[in-house]
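Sharing a structure, written as structure tokens. Questions coming.
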Amino acid sequence: MKTTISLAVLSCALATNAFAQDKTLTISVYSFAQDAYKEALYDPFEEICGCDLVVETGNSVERMAKIEANANDPIIDMAVISSHDALSLARKDLVAALDVSKLSNHAKLYPAAQDPIGGNRAVGYTFYASSIVYRTDLVEINSWADLLNEKLAGNVSLPNITGTQGPLTLMMLAKAAGNDSTDYSSVISSIGEHADDIVTFYSRSSELAQLMNQEEVIAAPVGRFAWSRFKSSPLPFAWAEPAEGQAGGMNVMIMTKGNGNEELAYQFMDYWLSTEVQTRVAEALIDSPANTEVIVSDDVADNLTYGAELINSLSILDPAEIINNRETWVEQWNTEVIK
Amino acid sequence: MRNLTTSTILGLTLTFLIGPFIIIIFAGASAGETLAFPPDGLSLKWYLKVFTIESFRESFLLSLFLAIFGTVTALLLGVPAAYALNRYDLPGAETIRTVVAAPIIVPGIIVGLALLRYLVVPLDFTVTMALFMAHTALVLPYAVRVVSSSLNNLRADMEEAAVLLGCTRMQAFTKVVLPNIRGGVLAAFILGFVTSFNQVPVSLFLSGPGVKTLPIDMLAYMEITYDPSVAALSALLAFMSLSIVFVAERLLGFSRYV
Amino acid sequence: MFFDTREGLALALPAAIFALLLFIAPVGILLSEAFQSDNGWTLQGYIDFFAKPLNRTVFLRTLKLGILVAGTAAVIGYAAAFCIVNLSASARGRVFGLVVLPLMISPVARTYAWIVILGRTGIVNDTIVGLGLSDTPIRLLFTETAVFLGLLQLFMPLMIISLVSAMENIPRDVIPAARVLGANWFQVFFKVILPLTKEGLVVGGTLVFTGALTAYITPAILGGSKVLMLETLLYQRVNVANDFVSASVIAMILIVMSFSANLLLKRIATARK
């Protein structure tokens, strides 16, 4: 009896979340820079909408798993993820087609960001370049092929195939070998041959930053969003501009299907895409803008993936190619690289 | 000669066991921006920063809540069970014992996954509720085991005497048995608290919007940056656990029961 | 009858039912998942799992590291426990407290420290280079050695505690008596200490082996993707590929491994009698 009572009391205590404000928007975002987002985006939005934002953070695989698990009664109203993750959710019919007329800032976005996965099921809100960070005092990087060069043996890290950066690195290594298709089997094989020379296949840029700062690794491909961590280090790091150019990726916003909170979600997405917020977010060095009207100083721009010229030069891997081929890549990777 | 050997063996073993903890304390006290040992100068800024990180405050409270209420519930279930298994000649006692001890054998990550897939998703349990169940189940074996061993030391004829002298069964339990196993119950509570508070694998799959246990939140923080604040927080938590154990040891001789 | 059976069941059953419904049932369903297919029961999930070379490697590596960690913990544990038991009462309490201490510290913190210790510019490499054992720093992070050290540090206290309590039960004069009768230390250990402490070894061995199999953070942080173990593989299968069949297979393997380790150790202990 005692047990039942205490359980009952407990379930009351656990239900307190339900007593929050009437209007609540639950969003699912990457876990980095939450304090800065709060200031630039969440707090001002809560003020405008008179609602509560519940922010779910985590890495994308966990967050996607949760969206899928709650497909019938979505907990998450909108989420920001990579374009290929968005496409994979869309193929599982978990994503609502957007009515872009409800996004007043939609036309201000770079063309590539307006409908990145087709069917208006996502809009891009940030671009990032991806290149190689290296120690200028120890090596010189002119090509993506340098990653597997003898000189770097034992001091290089590559992104894991399961993350977003992994396929981008494969693409650029293939380009360096003169291969423009998405058949990466020979690239994976050559990574496999060099597996012992590679310190680790990292999965988080934070992990890479720690490894490079403790001089474990002297060169590795990484997204531009992580650059500020290297820039501020006492060690001499540089951002490579390889002959094959830089790879690029885009993160997008999606709305979950049937979440019942569409109006608020549109309002939030539109606000995030507005020149005002995109500028604030860019100036806080969190995300590079996808809104063409954003203007930032050269100093700020140096930390970002900024400007039409750069964005149009990036090699972007088609999200559909990633999803269609990933199983094959991972399979071969597991047999030849991780062994 | 033998003294020298003894101190060498113990010195090396303890260095191996305690060394990493010392390093964490100092790495957290770094004046630099990255995790390093020896640290880049000393400062308390990371120790102070820990308190300003909102998600750490929230997850700390959740972990505290789970550790306290999960353990109390485990004791409310476990003490009567331990008593019954000890005093009564029950049919299927061995089965009950195995069932109650099962959570200790099953790897935590599987528990978390199973609860997520079969309780949270289909039955609409909240993540907090599932975490609470998992942490209770996890502590249950310790509660039963530790309380059983202190019941073993208590002769059953004391209760019989109490009943003969006019106590009801309930009174005999509360007035005779409970005061005598107090130490065991408290030891079980502390053991359960520490186990629950530091638990990682069970909670890996069990997190939701704004709901994360502290160790999982620390891992999540490390996905953003490896700055020394996680080291500082780890050191602070260790001091918290240690002071609880220290106080308990002083008051009760806690280690006798573990 | 003073202790009525029905009353006893009423006291014991809530705990049992709680564990059964909220714990054993979900885990049981998860384990059964790999045996189900559209046309009845199957072992296909297991066959597919072991058909992949990576999975076999990970399984063998987990087994190997589990045995190595438990074995090393036993060797060091015996030495340390023997020293502890022979200390004066007050020193014994203090040293024992220091051995228990790591168990109170979050495994996140304990693993985190090793990143710094084992790094290229960490203490271990500084010592190795300083002593002239190697000209250049050796790579330790993301190797089996790193995972081994992390696990050993995490679980050795459990072995020492088990062995200390077993050794405390050895009558004080047995070892000196054996020495007087001409036994060397080697004989004393195998003929006297080991037989008298084997129960502690079984408990400690099972705890350390099971702990090493099911640790998540240590292989995740110190091993990374190059040194996968079953626990990290399980997490990856679920999170990256939504592959619940592999998760179910790995879960079963882990449980079977822990159980067999316990049975095997018990068997060895009784066979020596």
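A, B and C are the chain letters, set down in written order, and residue numbers restart from 1 in every chain.
In this text, a contact is a pair of C-beta atoms (placed from the backbone, for glycine too) under 8 Å apart; a residue touches a chain by one contact, two chains touch by 3 or more.
Computed from a prediction, not measured in an experiment: that's the story for all the values here.
For this structure, the chains sharing the highest number of C-beta contacts are B-C.
Comparing the CA-atom centres of all chains against that of subunit C, the greatest distance is found for A. Computed from the mean C-alpha positions, the centre of subunit B lies at a distance of 18 Å from the centre of subunit C.
The centroid of the Cα atoms in subunit A and the matching centroid in subunit C are 37 Å apart. Chain contacts: subunit B has residues 35-36, 77, 222, 226 touching two or more partner chains. Looking at subunit A, residues 3, 62, 210, 214 sit in touch with two or more other chains. Looking at subunit C, one finds that residues 14, 115-116, 122, 238 touch two or more other chains. In the complex of the two chains, the subunit C residues touching subunit A come out as 14, 52-54, 57, 115-116, 119-122, 139, 141-142, 224-226, 228, 236, 238-242. Taken together, the subunit A residues at the contact with subunit B in this complex read 2-3, 6-7, 10-11, 14-15, 17, 26, 28, 31-35, 54-59, 62, 66, 69-70, 75-76, 204, 206-207, 209-210, 213-214, 229, 232-233. Per the touch definition, subunit A reaches subunit C in the complex via residues 3, 61-62, 65, 68, 154, 160, 162, 195, 199-203, 210-211, 214-216, 330, 334-335, 338-339.
Across the complex, subunit C meets subunit B through its residues 2-5, 7-9, 11-16, 18-20, 22-27, 29-30, 76, 79-80, 83-84, 86-87, 93, 95-110, 112-117, 122-123, 152-153, 156-157, 160-161, 210, 213-217, 231, 234-235, 238, 244, 247, 251, 254-255, 258-259. The residues of subunit B lying in touch with subunit A in their complex are 33-36, 54-55, 69, 72-73, 76-77, 116, 120-121, 126, 128-129, 132, 207-210, 220-226.
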